[in-house]
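The letters A, B and C name the chains in turn, as written, and every chain counts its residues from 1.
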Amino acid sequence: MNAPAYNFAYLDEQTKRMIRRAILKAIAIPGYQVPFASREMPMPYGWGTGGVQVTAAILGPADVLKVIDQGSDDTTNAISIRKFFAKTAGVATTTATDEATVIQTRHRIPETALRAHQVLVYQVPIPEPLRFLEPRETETRRMHALAEYGLMHVKLYEDIARFGHIATAYAYPVKVNARYVMDPSPTPKFDNPKMDNCPALQLFGAGREKRIYAIPPYTQVVSLDFEDHPFEPYRFNAPCALCGAENSYLDEIVTDDKGGRMFVCSDTDYCEGRQAAGHHGSLSAAPYKEKAQEAANG
Amino acid sequence: MADQNLLENDEPLLVARSLSKSFGRINACRDVSFSLYPGEVLAIVGESGSGKSTLLQMLSGQLAPSAGQVSYRMRDGVTRDLASLGEAERRFLFRTDWGFVHQDPAQGLRMAVSAGANVGERLMAVGWNHYGRIRDTASDWLTRVEIDTARIDDAPRTYSGGMRQRLQIARNLVTEPRLVFMDEPTGGLDVSVQARLLDLLRSLVAELNLAVVIVTHDLAVARLLSHRVMVMKGGRVIETGLTDQVLDDPREPYTQLLVSSILPP
Amino acid sequence: MTAMIDITDAGKTFTMHLQGGIELPVVRGVTFRVNPGECVVLSGPSGAGKSSILKMIFGNYRCDSGRIGIRHPGQVVDLATAEPRQVLNIRRSTIGYVSQFLRAVPRVASIDVVAEPLIVNGMSRTDAQARAGELLHRLNIPERLWQLPPATFSGGEQQRVNIARGFISDLPILLLDEPTASLDAVNRAVVVELVAEKKRQGVAMVAIVHDDEIRHLIADRIVDVTSFAAAA
């Protein structure tokens, strides 16, 4: 370890100040996309360069960092970002949602309710919710400025016309503080209700698109919908195969090439915590599956 | 009822006063004044470069005049100078009480979005929040512009040119605007398709009592659709009057030239 | 009795700018009146300006001089100086015009071509179509043709559709430009009947008719336009 080769948390202090100013502005205008001078990071775009810069700018030596990727603490992306900050900032890291002060996430919000003084940092690929319908940046900015959001409903309309229901399952648009329409990044819409009135600060960083936006603690976040097609959070209708949870977000895991599959919590920390507390699912004793089956048959 | 109508019609909807626009040393439009009343169709005719498109842009608030003023009687009955409207108000006007039919439907439509959503967008923009009602209204409008409702979920890029133009019209009319601007709405269409579109426009304009400012270089279009004509040349209005007066009894040399250039039917 | 039409010293000259600005005087000093229930027939050789006078009364040609007084609900309006909006108003509720040729939108069904003037004035489509049907029937247009656009019809049939459209509304002034030109005897008789009915309703009419027999049947008075011919 030769930590002194890096400035604390990799970025230089000027850059961190610049990013902090953008973050402060974003907090002051909930849901508004603040442009910032995104830096090149030692990782490719799409791997969380925006989230990493936000984390780097807010991290202090006393912070405890958790990084998740699709809810999991142990995927490549999560591990390498966690190690990156362990090395460049020397901060403590954890996989426990409860213990973390800063949680960087890609595509999930932890199942464990967040607390005040925690910060959730989202990695955002495309921050503009209107982008797919309106390609002109000048025009989308004007639409935000004038709160012209009819177009957002056009997207939902298209969903219903095509699939009979609002098929948008992730990156489901929300209105923040009754003003700005915001893309919650590609989190499943299951997580949308957790953003509303959340005690933790939520920060969003888009590295390639050079935007930062925020939801301050205890801010109203409403998912857009139609009167006759109200917003519905979606999850697979099954308990977690490992911990038996009935209300967590599940990943579908294909187990063989004959259509076998299982559903497990996407939030690994939550799932392990429940299993440790004695909760069981149908396949929880996976290594001893045969035994379990024997028991069932006998 | 009739009296009410008369009263309402007695005040102009749109008034242009001494409108001029110069681009550097070029005077694209000089000293144009007129009043447009509810239900009245005004055709602006002239060849390319006569200033008719510049005028249309100023009238529709998309281009600031160098001199002069455009005022509009809003739905609340108050007449406002367009220049005094904020951008939000102007854009709101543009998608509620006004329509704008472009020559190229691709400019006025979202080509990748279904026809139903194209028509419904304006409704959603003014706060309609009931999918079923939006769809019913869109479907109703498709029928009115003679588009098979079975095509409601198809994107206009799968439509023919004539259908696209009719869809653009439906998209504009769904909020029941009182004033519609049209820029060569039949340009670029086959003759047979043009006839059908003109016929449709004519009946919609009469049915909805629309005021229309239509820019065209096609005198046949002006004759079929408009009550009044303004002939422009070199940025100036050189002759104006009832459409049949101007076309059957043209006074100015240029108008006579235009009229005599029409091929006999 | 107050005249429906009161023309005083009206004149019209065409200036042909494309032919080196030559002036073509058409008529001058046109002066006559038409009372309610009266049919005035304009006579004179071709080129004497009969059609031009009719077009001046309709506001289609602009007058260079004189006055064309039209009794329009409650007042007399000088058409020679009226605003375009006023002229349109007068055409909608006071003056009807049966031209020599039908000018209709290609795709509209004949019955709707005929019914349109009533619909414009606020009658329901069904009522207007019923009246249009009656007239087409009287003018011997078979019912199977009603839903077809008149563009596909023969000259005589088109002219009858045109007449039906002209006679359908209850306007107090009617201008007729050769209404019987391409009609057979049976249909000419129908037109004569229609004119008589209009007279009984108090409609003031000005007509151009070349057929001596018809002229004799419909004219209450003949105005010879030769006296208005402008010396070239």
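The criterion applied here is as follows: a residue touches a chain if its C-beta (ideal position, glycine included) is under 8 Å from a C-beta of that chain, and two chains touch if they have at least 3 such contacts.
Everything numeric in this text was worked out from a predicted model, so none of it was measured.
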Handout entry: Innermost chain by mean C-alpha position
Key = B
Exercise for the section: Taking each chain's centre as the mean of its C-alpha atoms, give the chain farthest from chain B. Expected result: A
Problem - Whole-Å separation of chain centres (CA-atom averages), chain A against chain C - result: 77
Completion exercise
Here the gap between chain B and chain C, centre to centre from mean Cα coordinates and rounded to Å, is 32
Exercise for the section: Find the geometric centre of each of chain A and chain B from their Cα atoms only, then give the gap between the two centres in Å, rounded to an integer. Expected result: 47
Practice task
Sort out for me which residues of chain C touch chain B in the complex.
Solution key: 14-18, 55, 59-62, 84-85, 87-88, 105-108, 120, 122
Handout entry: Touch list for chain B against partner chain A, complex
Key = 87-88, 91, 95, 110, 113-114, 116-117, 120-126, 129-132, 134-135, 152-153
Handout entry: Complex interface listing, chain A residues touching chain B
Key = 133, 142, 146, 148-151, 153-154, 157-158, 160-162, 226-229
Exercise for the section: Mind listing the chain B positions that touch chain C in their complex? Expected result: 2, 37, 40, 195-196, 198-199, 202, 206, 224, 227-228, 241-242, 244-245, 248-249, 251-253, 256-257, 260
